[in-house]
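You will see subunit A twice below: alongside subunit B first, and alongside subunit C after that.
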Partner chain A sequence: MNPLVDIRNLHVSIPLTAGDLKVVRGISYTVEPGETFAIVGESGCGKSVSSLALMGLQPKQARVEADRMTFEGADILSMPRAALSRIRGVRLSMIFQDPMTALNPVYTIGDQLTEVYTAHGLGGRKAARERAIDLLERVGLHNAGARMTLYPHQLSGGLRQRVVIAMAMMCHPMLIIADEPTTALDVTVQALTLGILKKLQSEFGTAMILISHDLGVVANVADRVAVMYAGEIVETGTVAEVFAAPRHPYTHGLMSCIPGGAHLGGRLPTIPGTVPSLIGEIDGCVFRNRCHLARGACNHGRIAERLDGGHAYRCIHDPETLARQGQPHAEATR
Partner chain B sequence: MTALLEARDLSVIFPIGRTLFRAGQSLRALNNVQFSLERGEVLALVGESGCGKSTLAKVLLGIQAPTAGEVFFDGRPLADQSRRDLARRVQPIFQDPYSSLNPRHTIADLIALPLFVRREVSTAQARAEAREMMGLVGLPRRLEHAYPGQLSGGQRQRVAIARALVTRPELVICDEPTSALDVSVQAQILNLLQEMKETFDLTYLFISHDLSTVRHFSDRVAVMYLGQIVEIGATADVIDRPLHPYAQKLKNAVLPADPSRGLPPLRFDGGFPDPTNPPPGCPFHPRCPDAFEICPRLRPDRIAQGASQVACHLYDPRHRAAAPDHSAKET
Partner chain C sequence: MLSFFVRRLIVAIAVGITVSLISFALLRMSGDLALVLAGEGATEAEVAETARLYGLDRSFAVQYLDWLAGAVRGDFGRSLFTNEPVLDMMLETVGVTALLAVLSLLFGLVIAIPLGVLAAVRAGGWVDQLALGVAVFGKAVPNFWFALFLVFFFGVQLRWLPISGSQGWQSYILPVIVMGTGVMPQLMRLTRGGMIDVLEADFVRTAWAKGLSPGRVFFKHALRNAILPVVAVSAVSLGFLLGGSVIVESIFAINGIGALAYESIRRVDFPVVQSILFFLSLIYIILTLIADLINARLDPRIRLT
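Take a look at the complex of A and B:
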């Protein structure tokens, strides 16, 4: 079976006066139909830009290059704009962080939901209305028929995001890209919102690319995860593999700085230093200036990807070394 | 010994939508809030957005006057103390270091600003103190003349911390100090706050929605719902063994970084109520899985239960017998 999304060696760069800002540096991944693939990383690591590029929505001045970038077998890079906009919203839809910016405040939610359907020519207004009501009921907006006339401001943040989820599902997409879908919501509605998303996904067989900085969200929702750092995917694997035994020192560091557990009340382990400048090429490992395992061999060339079954990582060190040396920076936080 | 801070029966009511021709409604942002904070303690306030956490912070900072009730700081009513003196002794740290720092001031000036405002020290001395603070919070000297726009989120939050501590306050009100930061930076800032607490003998009121951070950082926790404290007690009790059904709901909402658990089953409960039209009786009863006959009729009093205090009829001996399944709550 062909993957739904196949990205090989994707680069996204933005020309600046100081040089090219290389926000995505040769990432490759595939997404299979129906699966949830998470991209996790901190701000500026390129997780959002890489997915925007997949939809042809990258910033205007950005340059996108890849050996291959296909969605349902069709080449996104060479696709004319008109063809791309026929795919977007229909085969492939998107959920953003803030539901208030995704919804138009002067139209009712019913108008906005049905418009997606009719504008893409999937059917008439009656069919659109039926589909909208069905989806609103599925996301837990009871008595949806009567509530189609509500405006976005009349709903709470959690309900608004559920309306956005219903809207994303209107045209039976094969893939949903969810960029921090619950970051703006309260913790009490986070689990519910993610649960609704997962339920719809399995009912319709939709795949999802979940972009998040929250390891808790990723662990509970995703099948596979890619960890991004400084424009590179440093580690990929199933969530079980990556969370149980992270192979890259960055992943390992991220997981150990979550509060709770062993360090209660004491000092939390931290990752010292800051992300390297993304202008121009980075020689050697992208994480080496913050890594306690770094040595001479980490300084040159691009670190090759190592494979252990489905678990891939870009680090020259053996997993045993990482497990043994842990996080020695617990005391040196500054 | 008197508590450093004591809130007695605090209420704040905001009139909204009132015009010349219409009576309008009122929004009760705080409803008989009562707690005390000992010197050297960290009290966390947790709850959903709209529960009144930030209004409470404003009252304690003297920015918002309470409609009813009183705040005592160091044994004296807040209202009787001079604004200037209070501003030195109580300082805030806000969530977003992008909006709390003036982008047109240099780092050293931003940190020294509270000293300039007080006009008690010379400019040169204020600058020297700002530089000393920069060292203490881990900001390199070369950033002295930099602007906030040139700093990372973590560095900006260090500036905000340095500025809050430059007047040597006794109480620091941290309003979601790490929520806007990346995970690896969050840990650095939490460590710094811990370190500063030890260096300057600080007392913190720590407002957060993140239970794992609260569990790590605080001594006691107050859970707020719709302007009321529904449970207050030691961190280990309230976070790990919550009594109030709402506190239990908060605990269960945390998604641990552990893929073996999976999402909790879907449960639609109607969500956060409209604060201008709060439910009668216990404010949580429409969402409460354990609600029984008395809950919509009577607002529960806060009663002692073990070392905690909880406002829930399930724990009130007068009503407990009527609860359908009260044995489950005994533990």
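Take a look at the complex of A and C:
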């Protein structure tokens, strides 16, 4: 079976006076129908913008290049605007981070839900209304028929995000891109919202690209995961592979930053240093200035991808070295 | 919505009373009306007699309350010059002025809104530059000069349109262009500014992500959020057009309330001047109230505040 999404060597750069800001530096990944693929990384690592590019929603100034970027076999890059509009919201839809601002404040939620259905000619107003009510009930807005006339400001953040989820599902998409779907929510409703999203996804057989910086969320929800750092995917594999045996020092460092476990009661470890400047090319490993294993060979060229079954990583060091010299940062405890 | 309306109405009434009080006081501070009315060379006894005749010898509070009591019953007194009831004089002329003002505002909006949206969508592009040029022109050119230019070009040279009077719809075209051009710039720039802000908003990105057409994204999702200040300023502009049409009315010899006000000031016909001031501010207040209601209709969040 062909992958739903096939991205090869995607570059996104934003021209600035100081030079090109290269926010995405040659990433490749595929998403299979029905699976959940997570992209994790810290703010500014390019995880959001790479998925916005897939929808053609990158910032206006951004330049997008790729050897291949297809959705359901169709080339997104060469697709005319009108054709892209026809698949957006229908075949692939998006859930944004902040439900407080993602809905239009001056229209009722009913109007915003039904609009996407009728605008794409999937049915009349009545069919759209029935579908919207059904979806609202499924995401747990009871008495949905009466609540269709509510405005976004009359709902709490958690409920608004459920409306956004229902909206993304209106046209029964093949793929949902969820950009930090629970980050803006209260911790108490995060798990609930994630559960609703997961349930709908499996009922509809929809694939999902989940963008998150929350490793806990990823571990719970995703099938496969890609770890991004400074515009590159440094490691990718199944959640089990990557979480149980990280092969890249950055992933390794991230795991050791999760509160609890071995550090309980101690000082929480951090990764020292900061992300390199994204202007221009980076010679050598993108992580080398923060990596305790860095040596001469890490300083030049692009680090090749190494494969271990489906588990891929960009690091020249052997997994054994990493495991042995594990977490020097953890030494900072006490 | 009802309580919103009631609260706004109370504020409007308070503003109306304040305005009438201030305008009444200002007119009496402009000089001794009895002295002016009695005419040059009048004796002191004649001035006192004039003051008594027009009730100007009473205290300010009594004069004001007397006038207000009449005004709320629709009795604005009589013109000192023609002895006609002031109300009749105002009603005869206000229709023409109101029509002129409304048409001018519509003309301004019809140009301002699409131009503002286009300028915002392609901010910095040639449409935006052109729109800015038009706005600067519209604001910078004095309306009497623009009016005379149009009269000369379309009336005298091309003979397409009548140069004066208020008979037939053709005679409204030039005045409407002149006055509409005066209010268009701020409406256009407001639309543009609002749209530029709103186009960056998350919900506009949501609209794109839903695969909606550019027309729907710009005009349904963005414009309705950007238009609120435009509605408010439209009401103010309409008030400005009603009260500020004096010059344009006199250039085109249109028999409106602006021309009446001008004439009455020249004749020291103070009951007429007083009443026109009050009448126009009343219209202004009502327009602002209507703008508030339209905005509450457009944006549900306003109904709460």
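Here is the rule we use: the second predicted complex is superposed on the first by the 329 of 334 C-alpha atoms of A that agree within 3 Å, B and C clash if a C-alpha of one lies under 4 Å from a C-alpha of the other, contacts with A are read in each partner's own complex, and residues count from 1 in each chain.
Rule of thumb we're sticking to: a contact is a pair of C-beta atoms (placed from the backbone, for glycine too) under 8 Å apart; a residue touches a chain by one contact, two chains touch by 3 or more.
Given the structure is predicted, the values throughout are model-derived calculations rather than measurements.
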{"item": "Subunit C versus subunit B on the shared subunit A, clash or fit after superposition", "value": "fit"}
{"item": "Touched partner set for A:N289, first subunit B, second subunit C, both or neither", "value": "neither"}
{"item": "Subunit A: partner with more touched residues, subunit B or subunit C", "value": "B"}
{"item": "Which superposed partner A:I196 touches (first subunit B, second subunit C, both, neither)", "value": "first"}
{"item": "First, second, both or neither for A:V106, with subunit B first and subunit C second", "value": "second"}
{"item": "First (subunit B), second (subunit C), both or neither touched by A:I258", "value": "first"}
{"item": "Subunit B versus subunit C as contact partner of A:T118, first or second or both or neither", "value": "neither"}
{"item": "Which superposed partner A:T30 touches (first subunit B, second subunit C, both, neither)", "value": "neither"}
{"item": "Subunit B versus subunit C as contact partner of A:T270, first or second or both or neither", "value": "first"}
{"item": "Shortest CA-CA distance between subunit B and subunit C [superposed frame, angstrom]", "value": "9"}
{"item": "Shared contact residues on subunit A - subunit B and subunit C", "value": "none"}
{"item": "Residues of subunit A that touch subunit C when the two form their complex", "value": "55, 57, 84-90, 93-94, 96, 98, 101-107, 115-116, 119-120, 151, 153, 164, 167"}
{"item": "Contacting residues of subunit A [partner subunit B, same complex]", "value": "42-43, 140, 142, 156-159, 186-192, 194-196, 198-199, 213-222, 239-240, 243-244, 253-255, 257-260, 263-265, 267-271, 274, 333-334"}
{"item": "Contacting residues of subunit C [partner subunit A, same complex]", "value": "201-203, 205-213, 216, 221, 224-225, 298-301, 304"}
{"item": "Residues of subunit B that touch subunit A when the two form their complex", "value": "48-49, 138, 152-153, 182-188, 190-192, 194, 209-213, 215-217, 249-250, 252-268, 271-272"}
